[in-house]
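In the two assemblies presented below, chain A is common to both, partnered first by chain B and then by chain C.
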Partner chain A sequence: MTKEEITLVDAMSKRPVVATLYLELAPTALVDTEAVWGPARVAAARSRAHAVLPIPEHWHWNWATKKDHLRLLANRCLGIECGGVMQGLMMINLARHAAVLDSDAGKPLVYIDFIENAPWNLKSLVDEPRYFGIGIRLFEAAVMLSTNEGFHGRVGLHSLPPSEPFYERTCGMTKLDSDPDKEDLAYFELSRASAAAFLKGRS
Partner chain B sequence: MKSLGMTTNSEWLLRKADEEAGCNISVGGLVSKLANRPATSAAKRLAFRRLISLRRRDLGLSIEELSQMSGASLLDLIRAERDEDFEPEPRLVYQLARILKLPDAKMMQLAGLSAANEQGFGDIAVRFAARSEPVERLTPTEHEALEEFVKFLAE
Partner chain C sequence: MSDKRTMTLNLTDAEMAALTDLAQRKDLTKTAVLRQALRLYQMIDARLSKGEKLLFEDESTNKKAELMVL
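Here is the complex of A and B:
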């Protein structure tokens, strides 16, 4: 399995911690991950419901059901492991979508089908998250993958409403119209120029 | 696969992670979109093959011309029209949808690459497949072969 050493941020100490980025997870890894995440997600959601607190929209996602997406060659699942446990997962597609922004219209991009954080890293689910930086690391991986594929860093995705500020402000994506084919979720795209700016910001 | 080239810049990570800390990052459709990839019915596969073939002929395109316009291989196009076991890749379906001016989301559903979210989609596909079957009279040779086979079945 191809992997790369990266760092996340320990939420308590606010210091970098070593983690592993897996670039091509096998379907069984999704099932194994869901076996750990599922009960933790349900327990956290139940405790919030008892406390009459809002529950994130995605709490019922089940990654084990997504393993069949990997039967398609153009689909790939990446994951970040830290402390021996998967902390974040991302499913991408390299063939299905093309860019729509004027400057890149019709050009290929990396489309992010799904991203999720482990339930214990979400402030919306737990009072004391364990790790920060999972989202930005997965997004960085998508941009790098797009660059390596010759797509010049172009990335597209449909964001759930509570995640929109992260993709617009932190990742530098452009928000476009809501998409009726995607339950009216807003479409976000990282253009070639924005990808260059995102990558330059790392140096 | 070579290394992706993820940054080792801790300062950048700390800053971005701090921005991310209060945010959700979830992406994708809601739970209704997250079902398993459906098994493709034989009727939908048939409708997919007939649709490509009829649309191509309706536009006056040969398979060779369609191949040149779409960038798809001749073999893939022939299999897409005639091979009932052929499972097209998403890229091919999108290429065909673009050139043949057909809605790509519906084409993906017909090809079994995404779930249909309209009730009755399968029934409509079956009706199309049935109506699009040729009704020309059999040639004498075809008639003879048919009679012979039916006779064999009846024995």
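Here is the complex of A and C:
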């Protein structure tokens, strides 16, 4: 299993911590992760419901049911592990979508199907997250994968509304129209030029 | 990524011309075009095997045509 050493930020101490980025997880890793995340997600959602607080839209996601995606070459799942536990997962597709921005129209990109933090890292589920930096590290991994696949860093995704500012401002993606085929979620795309700027900013 | 293996591929002039054209238009290397082709073929075959159909739609004429994949 190919992996790289990366750093996250411990939310409590504000210090960097060493983590592992897995570039190609096996289906069993999704099942194992869901066995830990699922109960934590449901417990946190119940707690917020009792407190009459909003619950994230994706709280019902189940990574174990996504394991069959990995039967296809076009799908890949990446993950970040820290402290012996998976802290973030990202399912990408390499062949189902093409870029739509004028400069890249019709050219292949890495499409992020699903990306999620562990429940205990979500500000929308817990008061004090354990680790920061998981989302940006996974997005960076998607851009690097796109580069390595010869897609020149192009990335596309449909964003849940609360995450839109992250993709637009932090990641430098361009917001395009809402997609009626994707529950009217807005489509975001990182062009070849924006990918180069993003990676330059991360180095 | 997974370990990669090398193979030799023999193409006709026409096949090589098509590969070169696709690589230029899609901004890909020839190797990347072939890897994309394999991903797509496998993805389509998996869905056809489940009984789904592959259709092309012309929005201007509202015509749909089913593509037969071998």
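The rule is short, and it goes like this: the second predicted complex is superposed on the first by the 203 of 203 C-alpha atoms of A that agree within 3 Å, B and C clash if a C-alpha of one lies under 4 Å from a C-alpha of the other, contacts with A are read in each partner's own complex, and residues count from 1 in each chain.
Here is the rule we go by: a residue touches a chain if its C-beta (ideal position, glycine included) is under 8 Å from a C-beta of that chain, and two chains touch if they have at least 3 such contacts.
This one's a predicted model, so the numbers in the text were calculated from it and none came from an experiment.
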Once chain A of both complexes is superposed, is A:Leu185 in touch with chain B (first), chain C (second), both, or neither?
first
Scan A:Lys200 for contacts with chain B and chain C and give back first, second, both or neither.
neither
Which partner does A:Lys107 contact after superposing on A: first (chain B), second (chain C), both, neither?
second
Looking at A:Thr2 after the superposition, I want to know if it touches chain B, chain C, both of them or none. Which is it: first, second, both, neither?
both
Kindly classify A:Gly150 by the partners it touches after superposition: chain B alone (first), chain C alone (second), both, or neither?
second
Intersection of chain A residues contacting chain B with those contacting chain C?
2, 23-24, 71-74, 95-96, 148
Over in the complex, which chain B residues touch chain A? Could you list them?
1-10, 12-14, 16-37, 89-91, 94, 105, 108, 113
Residue ranges of chain C touching chain A (in the complex, touch as defined)
1-2, 25-29, 31-32, 35-36, 38-40, 42-43, 46
Along chain A, where are the residues that touch chain B in the complex?
2, 4, 6-9, 11, 14, 16, 21, 23-24, 56-58, 60-62, 65-66, 68-69, 71-74, 91, 93, 95-96, 98, 112-117, 122-124, 129, 132-138, 140-141, 144-145, 148, 157-160, 162-163, 165-167, 169-170, 181-183, 185, 201-203
Contact residues on chain A for chain C in the complex?
2, 23-24, 71-74, 94-96, 104, 106-108, 148-152, 192
